[in-house]
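Each of the next two complexes has chain A plus one other chain: chain B in the first, chain C in the second.
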Partner chain A sequence: MSDVPTRDADGMIIFRPKPSQPPPPNTTGVIGWLRFNLFNGIFSTLATLIGLAALVYVFLAFYDWAIVKGVWEAQNRQECRLGKEWGTCWAGVEFWFSGFIYGRYPAPEIWRINLAALILVLWMAPLWIPRVTAKSVIGLSAVLVFPFLAGYMFLGGERNLFMVAVVPVAMVWFAATMVHVLLCVLTGHGLGRWIIHLTGFSNRSDRAARYPLMAAAAVAWLLVLFAIRDWTLVEVGTNRWGGLFLTTVISGIGIASALPSGIVLALGRRSKMPIIRILCIGFIELFRSVPLITILFMATTMFPLFLPEGLVFNKLASAIVAVCLFAAAYMAETVRGGLQAIPKGQYEAAEAVGLGYWKVMGLIVLPQALKLMIPNIVGNFIGLFKDTTLVSIIGLYDLLGMVKAVSHDPQWIGLHHEPLFTAALIFFLACFAMSKYSQYLERKLGAGDRR
Partner chain B sequence: MAIAEKTGAAPGIGALVNDGRYRAVFYQIVVFGLVFWLIYSLVLNTQQNLETRGMTASFDFLFGTAGFAIAWTPLDYKPNDTYFFVYWVGIVNTLIISVISIILATVLGFFVGILRLSRNWLISQIAAWYVEFLRNTPLLLQILFWYLGAFASLPRPKSSIHILGLDWLVLNNRGFYFPYPEPDNLFWLTPLALLIGLVAAFWYNRRSRIQQLTTGVYRSTLWQTLGLVIGLPVLVFIVSGMPLSWEVPALKGFNFRGGTFVLPSMCSVLVAMVVYHSAYAAEMVRAGIQSVSHGQTEAAYSLGLKPSWTLRLVIIPQAMRAIVPPMISLWMNIVKNSSLAIAIGFPDLVAVFMQTSLNQSGHAIEIVGMVMLFYMTVSLTISGCLNIYNSRIQLKER
Partner chain C sequence: MAIDTITEQEQLKSAVSDEVVVTMVSVNKWFGDFHVLKDIDLTVHKGERVVICGPSGSGKSTLIRCINRLEEHQRGDIVINGVVLDNNLKNIDTIRRDVGMVFQSFNLFPHLSVLENCTLAPIWVRNMSKREAEEVAMEYLTRVKIPEQAAKYPGQLSGGQQQRVAIARSLCMNPQIMLFDEPTSALDPEMISEVLDVMVELADTGMTMLCVTHEMGFAKRVADRVIFMDFGEIVEQNTPNEFFDNPQLDRTKLFLSQILAH
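What follows is the complex of A and B.
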């Protein structure tokens, strides 16, 4: 080394670092990334090339099938084939697309399904708005109250006494929720606060402050009940329900009923009472160990035997009951997993404070367990959404049933690939979005536990 | 006096709900009563319904003639056999597709799972999208796709596809035809040799492991094991004069004769089940390997283990602990999902027994019960094995 170290006044060597060298060439930037991730050695390069070739091959084959050979304007399958040799008949999918979504629901009544979907979205959307209060009430009512409104909108017909009472409840509830959300966003105070304030009950006790709320609800209910007394929708039998609509209805009811019954079953399975525990274990193991299709067959063949004479379940109702039983057993195991993940200290601490069983569970254990379970519950829902396709085997026209029906339509006879591809795409988009959302939730909810 | 009565031993009605000692018993009696009432009323309804239909619930029908043909079975089934034999045929068919799917899906799943962890970005992305796409579409849709899109739209026997250009692997719209081995005299020696080889290899490996534990000397047993398991049977096979002839499929008239075949529906179910479940298996393998902390690898390297030994002795044994339990529940799912074969007409248990036999005989309760009994037996057996395995490999802490 030629350079002499510099020394300070006392003769001590002063440390003077050399300027750092630039990184070796080809290790940074795009080239570095490519070298490291795609061409890192002979095997890696070979793998990259094979992978690339496979991708290009698949893409070209798909492009040729879907775009080059695609026929978008045709009256029937014969035209598709003649126009271009063995053309890919997207015209058939276009023709049947409304069937894939709504089944054989009469066209002039389809607005009812769309409106119900819109109401559900509006009802659930406030859960994602930070300023809204009373979210648990909104969320619960969307699950417990909305189904009656939706059920009437889908079915239509004369309302029986129960529906006469319940439909206005759901309508008032929805309207109140919307007003509440608007007030929350604009003024920061909810609907309840405003009613109490405007009626002058704001400085009375909490107990007294409830009366104006009840009165307002009752008045609104009576008004709506009176207003819609002559209003009826055209009746649409469940045999005309179908498509993605039916898939969503079945899996939606399945998952909504599975959560409460799953919680009950899971608590029963961990209970100290032997009879309750044995019954719960028996139910869970029975329905988890047999395939869904056998439960569906059981529902269609054995329910008519089980029920008293004169009471007849239609096919859809049997299928929904079967799906509910199945989903409840699976949800119970998910909930049990969540309950087991809660440290024993939480139970003991809650009991030490003097809480009883239901308070320990409801206030301490379940809120923590549910948070842990959310990704699994979404996973359960995705599984149920996919499994709902099995109802097409017992003759319901869900999305897959409609896809199969296309190939029996004389106009489009034998048209398989295109409808199947479309259905696959619909399922993929729905399930993929849900699974990505659940991963996001997992990260967001777990943020507090990470260091 | 009144106070003494209240705190005394005589419990009032309220004690049933408020006293911890009686409450549990009271609730259980109530629940049991409700369930009992439910079952009782179901049985009563069923009896009434059966009477009005002029039917009785009994298993006698099992010994009546079934009278329908089954499209594919390895057993010697004829239409004039009994319903009980149909049950057995269904079970065998279900088990065949389940076992083949389990083996192939697991192998493919391991392969894709390892690709998913590849340091090559493109390969790992392809594996990731393979998994995402397969997991997010329903299995039934995939089965229909393979059936309608691939196997049912193959050419007719006249213009069959010969796989790899081989004359004796034939694929057409009637199914997949392949040669069938016909054992001659002395063939029994070969399986016997295989058995002896397996036992000897096991014994040899055990001895060398004991030797390594006591003396510390390590000897590779790979070649000896391969020689015993593969070499010995092959040698015996050749020495005994290759006593195995192959019956080869050949086109006669409108169809192929000779050899054996599987239906297009069976091919579709197998391919769909293998591909679909391999995506799940791949995720399990990936998660299992990633669950082994990087410190383990570093510690093994710092002890001087070479990478292949690190993988074999440190990573894989620990990853297996996380992979095996979900993998076994996946196998259980495969057995259950094989029932979807009914959608494209493959004669599995649900199709031949729960559909055809039930429609013919009308004995819903007995048949549903028997089918559920089979699936429950399989599930409980598998989960029993899983519990034994779990208790054996659990981390022995403290």
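What follows is the complex of A and C.
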């Protein structure tokens, strides 16, 4: 190499960056990584070996229990035991698996639960399709309209006047959502646009353009109302609901109601009006200082005392109310934490441009606060999902209740471990998925506006 | 050259009309026991540009924040554009629509793009259509010389750019009065001038401005009146020339010598 500097036409020395060189051996690549992270000195080597030994031990023990000793074909627990010495009775889990998912819901009617689940998935899925417009309407209706449809599909029976009106609303809404999504994906214009366009209202004022939409909705509603007037589903009492299905119903309603009611309570707690503030603080502190199990017992034993004689408030409804109240109180504190993280300058700037209280909250403060709170909110949801197992104690057969019921089945008497393991696995999969999704959401939403 | 400046200043001053837009009569305010504003009397005419200066803690921010009710005064009267500032929420709303404010720490909305920052209030407060609001916003973003940043988020801009967005955001509401609370104190030196340039241009359009600042060059250039505050009182006020060259009170003289020392 020559150290003589090169010069350009004006005699200035030309800067030449040094060429990059490969890193010293064994700091990168698999071996380097292993060396640096696992065998970096005596202590770390020892820790690695002990950790590995523990891992191998646990894995082998589990393998032996679950696979080597596993019995998949058996009519009862006795056969499991005899087939292999103290065999692990997966046959019992298999036999009961449908019960873990649907509880004691009559087998010929189970399609109703599956169909409702499918409808919910279809209803929510468009939220993740970029081309779809009016996502907030779709999302809100999935939370506010779908439950009535699902409620009827689960319960069945004669429809009362309210349900006669509401079930067709939900059906029309769902169908309209699906058509809207298809049109959005295929043509780039939503259902509303098409209706306005096809009825020739496209060059009228915004207000006038609403008429064909309302007319179309009304006609569709009447048609469906008429078409399904004689159609009923077999009634399935809530006492037969159970398993993961029941867990999902209870925690789903709890989760859907927790965020709005938590926001209202958190805002109330910061309100300038003393009565509202005291009421909110009282509610939050009361429900946060009492264990959920106590609230559940109170709900099932004490609600009926306050209600008029004839009105029967079933156990499931009481449990749902209890879970909702409990979840709201916890969510309120989470939301308050998020609200506190928003600097005072944001409120001031928003007020200074003339926004009133609700617009400051809805447009400036809550969007920022909720984004900050996503991990905590999802944490709350996960907690709630797991906490609903407590309803098994007041005699509802949720997933845990069903799992415990197996051991009372004469054929499978005393079978505890395998069903419990299965329930744990189901809970783990659901909660892990939620947690992962929240991390993804956090990253995605955080990408837009790094401060 | 000198003659040029004088005629320019004369022209600016002639823009000041007789119409009174801000009236404060013996306004008093306390934070707990601490008396922040003591018997403030202030009248600002339409088109007038007032610079407020004074040592830290003298109540400058509190004074201008009382004008749009970010702080509530406890005694005395404030009338803005003929509307009495009292506990009537409707009056407060009316006043806030007509009064824009620019903060020391920008306070842009970090979750909204620059354009959305500017269109938010016109859409939600003035009920403007989105398209119209965006047109207006682009016009003001062009005026503050950053139309090309419209799609970015505040976190992606430099301090000077953020403060110019903040000015544009206020202007989009088409305010009658603009309040500035030390708009350049959080900025690096090379960014101060880009913000001051925008403010000077705004002053040239005849906007009524109340500006807390220690930028004396700016005060000399555009102010019709300089107000000096200390201990919650208006100590002295005068035209910039008189104020800087011929202060009447010893306190003012000391303050001026301190800020001009470095």
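In this text, the second predicted complex is superposed on the first by the 423 of 451 C-alpha atoms of A that agree within 3 Å, B and C clash if a C-alpha of one lies under 4 Å from a C-alpha of the other, contacts with A are read in each partner's own complex, and residues count from 1 in each chain.
One rule holds in what follows: a residue touches a chain if its C-beta (ideal position, glycine included) is under 8 Å from a C-beta of that chain, and two chains touch if they have at least 3 such contacts.
Bear in mind that the values here come from a model prediction, so they are computed numbers and not experimental data.
K.L.:
If we overlay the two complexes on their shared chain A, which of chain B and chain C does A:G345 touch? Say first, second, both or neither.
P.N.:
A:G345 sits against chain C, while chain B stays out of touch.
K.L.:
Quick check on the superposed pair: does A:R288 touch chain B, chain C, both, or neither? Answer first, second, both or neither.
P.N.:
first
K.L.:
For A:K371, is the partner it touches chain B (first), chain C (second), both, or none of the two (neither)?
P.N.:
Second partner only, chain C.
K.L.:
Applying the touch criterion given at the start, work out whether A:V169 contacts chain B, chain C, both or neither, answering first, second, both or neither.
P.N.:
Once the two structures are laid over each other on A, A:V169 reaches no partner at all.
K.L.:
Quick one: is A:G354 in contact with chain B, with chain C, with both, or with neither? Answer first, second, both or neither.
P.N.:
In the superposition, A:G354 contacts chain C only.
K.L.:
Scan A:I250 for contacts with chain B and chain C and give back first, second, both or neither.
P.N.:
The answer is neither, since A:I250 touches no partner chain.
K.L.:
Just chain B (first), just chain C (second), both, or neither: which does A:A322 touch?
P.N.:
neither
K.L.:
Give the label of whichever partner, chain B or chain C, reaches more residues of chain A.
P.N.:
Touched residues of chain A are more numerous for B.
K.L.:
Spell out the residues on chain A that touch chain C in their complex, using ranges where they run on.
P.N.:
343, 345-346, 348-356, 359, 363-364, 367-368, 371, 448-451
K.L.:
Which residues of chain B touch chain A in the complex?
P.N.:
Answer in residue numbers: 24, 27-28, 31-32, 35, 42, 45-46, 48-50, 52, 118-123, 126, 132-133, 135-142, 144-145, 148-149, 153, 332, 336-337, 339-340, 342-343, 350, 354-355, 358, 364-365, 368, 371-372, 375-376, 378-380.
K.L.:
Quick check: in the complex, which residue numbers of chain A touch chain B?
P.N.:
For this pair, the touching residues of chain A are 37-38, 40, 44, 47-48, 51-52, 54-55, 272-276, 279, 285-286, 288-294, 297-298, 301-302, 304-309, 382, 386-387, 389-390, 392-393, 400, 403-404, 407, 416-417, 420, 423-424, 427-428, 431-432, 435.
K.L.:
In the complex, go through chain C and note every residue touching chain A.
P.N.:
Touching chain A: residues 68-70, 89, 93, 96-97, 99-101, 103, 105, 107-111, 120-121, 124-125, 153-156, 166, 169-170, 173 of chain C.
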